[in-house]
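What follows is chain A paired twice: with chain B in the first complex and chain C in the second.
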Partner chain A sequence: MKLKMIAAAAAALMTAVPAYADLTIPALNYRTGPYAPSGIPYADGYSDYMTLLNERDGGIGGERINVLECETGYNTEKGVECYEQTKGQGSLLYIPQSTGITYQLIPKASADGIPVWSMAYGRTSAVNGKVFEWIFNLPVTYWDGASVAVKYAMEQEGGSLEGKKIALVYHNSAYGKEPIRTLEALAAKHGFEFVPIAVDHPGQEQKSQWLQIRRERPDYVFMWGWGVMNSVAIQEAANIRYPMDKFIGVWWSGSEADVVPAGEGANGYKSLTFHGAGTDFPALQEIKTTVIDAGKNAGDGSKWGEVGYNRGVYAAAMTAEAIRQAQEKTGNAAITAADMRDALENLTVSDARFEEIGLGGFAPAVSQTCGAHSTPRLAAVQQWNAADKTWTVLTDYIEPDFEIIDPLIQEDSMAYATEAGITPRECN
Partner chain B sequence: MPEQLLFAMEVILNGLMAGVLYALVALGFVLIFKASGVFNYAQGVLALFAALTLVGIMEGQVPFSHLINAIFGTDLHHFGWEIPAIAAILLTMVVMVALAYLVNHYIMRHLVNQDPIILFMATIGLAYFLEGFGDLMWGSDIKNLDVGLPQGLNGFIDETTFNAFGYGFFIDNLDIVASVVAALLVVALVIFAQYTKQGRAMRAVADDHQAALSVGISLNFIWVMVWSVAGFVALVAGIMWGSKSGVQFSLSLIALKALPVLMLGGFTSIPGAIVGGLIVGVGEKLFEFAIGPMVGGATENWFAYVLALVVLVFRPQGLFGDKIIERV
Partner chain C sequence: MLYREAGDFKTSYKDDSQTFPIRIDRWGYYAILAIAFIAVPLVINDYWASAVLLPFLIYAIAALGLNILTGFCGQVSLGTGGFMAVGAYACYKLMTAFPEVNIVIHVILAGGVTACVGVLFGLPSLRIKGFYLAVATLAAQFFLVWLFNKVGWFYNYSASGQISAPTRTVLSIEVTGPTASPWAKYLICLTFVTVMAWLARNLTRGSVGRKWMAIRDMDIAAEIIGVNPLAAKLSAFAVSSFFVGISGALFFSVYLGAVEVGEVFGIQKSFLVLFMIIIGGLGSIFGSFAGAAFIVLLPVFLKNVLVGGMGWATDLAAHLELLILGGLIMMFLILEPHGLTAYWRTLKEKMRLWPFPH
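Showing the complex of A and B:
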């Protein structure tokens, strides 16, 4: 009798446990904590795009997508816990959404054979696929961003930055310091003076830094900020009446959460971006009608079309394309993490393909290779209109100065290879 | 006048203003410590909670809307009205008093006579609870707080100093308002503590709560009152800091700025919080101006603590704190 009861209980338990979908993608989101204003739009965009594919197409290649949300609170330890909890559930890919978590996952995921995609963050030199076999950082890196910002400033100044002064207001962390080396090299090349100005975490008080900017009068101010540091910096820039059109943030300093608190003062502020702004794309319209209006959205729907939301859509679209290409290559609908890695390494998303998936003109074409784990390495400049509360992309996608950056990537990745005892593989 | 001297003068003035903002946060700590011997770790979160509540009320946001919508399948977010800042501040104060009552009723009164470390741990728990509760109640979105306070360069000071020295000083209008508000707040708190019946009762409880009980002072009432006043101070700090950076969860981290101020000024002195704030504000800004560029900048966070540690070594009770004498 007792045995029967145990068997019945076990059977009930087994039927109660949901069957894992074949395409399992853990989403290491941060919907809580101090960085939630940046984390929520991305998380909503990523999930809503996957829901669109599930609802409209029945998933990808006939397999439904299972987005496993795990809350990290932007905390590195929690992110690693999320990884450990979910890696055994058939996870195909990790997008850590934090440089700290990325650094922790680089050795772990490489050993476990699961690809990691740090989208425009993390370790810049992971571009070198010969060293970082399982790590991807498409579509652009911080060093590319620094170079694009300089190129844009140079274009604004009629082709020369000779004798000009560029200040960098940066988060005093590994992330914030990323562009310094590149900017120093570019300063030497183009003859501008480079003034780095550090802001300690969290950046709630920046009076000293902005008084320094007021005294130094730089021609341009670049910003590598995060969280509250961004909105305070924009407010302080407005307070000292710094011309906003000469204040350019990296893509993590250019979302609604960064500019809205400064109100009218933020008008004209610029930032780099690697994808389109707004909702004027068929895929976003379909998300609205098929997912949000149907009440199947991940959040409350209010973030639709925001910078962070569109970034989530971009990440989801690239994930879906990699899955599709992996399925085509292997002939299996239920792919493995190794198949996913191979697909990410050979991922090709042409302009025509972007058009087909309803994202025509949303982002530049991607063409990955074994040696180049980040392509196309382009960024555009967008500008905030405080009255309309909209971002407008001002430029075409700008190419960075590969001549300066590629040797730095080579040097840094080889240093990592030596340190980690990795023999770089051959890429044909 | 040499340019560097002018810059230094500007830095000192801005340091004084920043110090006032630090002192506003420190005041909340002092009030509760003075009355109950509790180091309230949750003071920074109280400022965040007060500011979140103020914005929520002003914008007519439905509290717990995410929870309500998830449970009942509704799509509620806003009531559809907006409330003027003054009325919203008063309503927020009502919420803060209710919170003070709940904190006392469910936590503090059960911990009377416990070791200070137990009370401190309880406030750590309260801080994390309130952070999550605030998130659940009002959402994690960054919110714009505009109660009509002026912000940006003060044109008059800029023009006057430019005419006098050939260099216009930057002083933020919001900092000037914060200084005036802080001065009024300190005067009001000192008058309250020294000249009102409740204020004297509060001081009596602070000196010896058992003796105070024996003469008929209600400990519960005094603690609710003190937490309410600390809630009011938190609201003022939340408005000032929230106007600068928007209301978001990092606002709770302003408590980190108050700790060196408390170490310097003493945990039991209201004027000490102000003077400590001013010293920290000027000290860190001057250090950043003079030494920062030589050491890569970003010296403010750690320098404030170094300054406080130096004071601690020579005056453990802080510049204005009561000297602790233990008799054996």
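Showing the complex of A and C:
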């Protein structure tokens, strides 16, 4: 029974593994598969910032941080396996890095009492903390993103989108379908025509979709893409000579890996973002000197300063802030998952605090409450310059159309509450 | 010495034709059943259930199903993922439409719905064979996934296009939903696997199975000796899809709890199940289990050895895993086309002769 022996060996190894650290944070990364181009920079940024804290400050509040990497390949089944494997090791917080895995973890983690932070992805209606006690999706949601993109387009068109046509090129999954409902509502409000165009996983083949765009001639194309789909779409858009400044991606469709392959053709491509671009921040410089130059970096160091990398830094900085605030509140250095949840719910990171941690002006201030699990819900528009290979933030942080979105969030979260048998808790 | 049939006398035809004619085999079978039903539920935890045992059991049903079609009846199918999706969506629609009915009945009905869909897509098999049939079933795979993504009715018009399993109970014990305990999920799957394997074993050694094998070995000869190809092929498609549908329903309701069709039931799933039966052994019940165990355990095992044990980078381990799996499939196709079953058979043969091999 070869299999039995393998199983026995596996069992022996599984029990031998757990190396307890004080602050354990699993990172459900994906450095392989069709989504690796988007997954690697983030994973590097997240780990490198945590390494910086360990190297420079000896962790947070004297406790070292242990980032437990687990490869998911953006695959739901592997994500679940990672979750089950790591949840018993004192995990404080899950950042699933995939909308599909987030949907899996929402009920599981709520039952197990471990907070989940789907950073600007996942289920939008998790904003409603009354229903989703353990789920957080700060700093912004897909529905906000859709609204900001429409608002920006409206500004460009001189204040009206009447009679215009907006196409949405989306990843045919829970992730890509998120903004459709909002865009439909906004189309009704502002009188533009909305054309959803689906791209199936993994998105390497998009000829027919872009043929359709060529035929339909939309005034704007929005994109909800991820992984290899982004660079293919931008290449295809360049091929049909679609005006790049009218092509706006969500924040997951706007990093170097997406635009560089299209070369000059990608010049002028725009995307949403919720944090600063570039390396002009003291914390990033410190990562360079303390972590990367010392050879302690998680990846090969080449992603430093890319949009995806900065996003990993943002996630890590917020995680660290939440841990710090939990430590301050409880007085214990070794906090629990429940403390972490309380801290995330009351997380306040002011502009001054951003300045202190070396990320001044990097992102808008955050101030969470019990009922609002996502703040500040702002996004800016950035543009790619192919010649200098840089992203430039074009606008201030734009506020979405809360009038349209908040009722939708209320409706969707209450639908979930009924479905899952949750009685919304009271928030004072 | 220990493993032999000498002294094991049979006094009736029934005894003679039983599944495990050798006593030690029979004991082993009962022992495995006893361990699986009594001992494992006592020690099982979330990790073992979600990472190892549930996928193994559910994939075993799918592999049994595909083995009936491909291994026993010789009809190549690349539509397994699509048929699993039919099972999952049928189960979801039934679960939400009739919440008062027991989940077990829903799962079986979902298998029935999949059987009907399977027969429909099996019709071309009467005209086309081999690679061409594989392409026809591939069309089924893509069509079904597209359908479940496109038509809102199938996912009750949820905003994300996902389906998620509400909590359901069997004998007032939760088996689906986030709060179901691992042993309950495990036992419900194990019960299904046991019944399905028993069914598959008895179907394949009876007249139905013999007709399938006759068609597989040479369809013209089979027709001449009186096997109706229409009935044989379509029954193979129906039974196979029934199995696959049940595995899809369990995969969605008990194992994952929330499913997105394009990702979970995509073409990769079809290939994965096909690899299981290739590695396990075509036309063998044991092979379906061995293949499922191999493919489910190998990645978990490699991950724990390479990342957990030796501290390698996670991406390196993940790439190596693909490399090893691919290498093994090629190795099996070249060195041992009958898969793990053939090794198992050789081992048993050797054990029977041991310690006097000549």
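Everything that follows uses one rule, which is that the second predicted complex is superposed on the first by the 409 of 428 C-alpha atoms of A that agree within 3 Å, B and C clash if a C-alpha of one lies under 4 Å from a C-alpha of the other, contacts with A are read in each partner's own complex, and residues count from 1 in each chain.
The rule is simple: contacts are C-beta pairs under 8 Å (C-beta built on N, C-alpha and C of every residue); 3 or more make two chains touch, one makes a residue touch a chain.
It should be emphasised that the depicted structure is a prediction, and the values quoted were computed from it without experimental measurement.
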Exercise for the section: With everything superposed onto chain A, say whether chain B and chain C fit together or clash. Expected result: clash
Practice task
Could you say whether A:D200 touches chain B, chain C, both of them, or neither, answering first, second, both or neither?
Solution key: both
Exercise for the section: With the two complexes superposed on chain A, say which partner A:C370 touches: chain B (first), chain C (second), both, or neither. Expected result: neither
Exercise for the section: State whether A:V393 touches chain B only (first), chain C only (second), both chains, or neither. Expected result: neither
Practice task
Applying the touch criterion given at the start, work out whether A:P34 contacts chain B, chain C, both or neither, answering first, second, both or neither.
Solution key: first
Exercise for the section: Quick one: classify A:G88 as touching chain B (first), chain C (second), both or neither. Expected result: second
Exercise for the section: Based on the superposed arrangement, let me know which partner A:I422 touches: chain B (first), chain C (second), both, or neither? Expected result: neither
Exercise for the section: State whether A:V260 touches chain B only (first), chain C only (second), both chains, or neither. Expected result: first
Exercise for the section: For A:A333, select first, second, both or neither according to whether it touches chain B, chain C, the two together, or no partner. Expected result: neither
Exercise for the section: Answer with first, second, both or neither: which of chain B and chain C does A:M414 touch in the superposed model? Expected result: neither
Handout entry: Colliding region between chain C and chain B, picked from 114-122, 222-230 or 276-284 after the shared-chain fit
Key = 114-122
Practice task
Pick out the shared contact residues on chain A: the ones touching chain B in one complex and chain C in the other.
Solution key: 31-32, 36, 172, 198, 200-201
Problem - Partner chain C, residues of chain A touching it in the complex - result: 2-3, 6-7, 9-10, 13-14, 16-17, 29, 31-32, 36, 69-71, 73, 75-77, 80-81, 84-85, 87-88, 99-100, 103-104, 107-108, 110-111, 123, 172-174, 177-178, 180-181, 198, 200-201, 412, 419-421
Practice task
Within their complex, state which residues of chain C touch chain A.
Solution key: 45-47, 49-52, 55, 149, 159-162, 164, 166-167, 177-179, 256-258, 260, 262-264, 266, 290, 293-294, 297, 300-301, 303-305, 307-309, 313-315, 317-319, 322, 343
Handout entry: Complex contacts: residues of chain B adjacent to chain A
Key = 7, 10-11, 14-15, 17-18, 21, 66, 69, 73, 77, 132, 135, 140-146, 151-153, 170, 172, 241, 244-246, 248-254, 257, 284-285, 288-289, 292, 296-298, 300-301
Problem - Interfacial residue positions of chain A with respect to chain B in the complex - result: 31-34, 36-37, 40, 172, 196-202, 204-205, 207-209, 211-212, 214-215, 227-228, 231-232, 235, 238-241, 257, 260-263, 265, 295, 300, 302
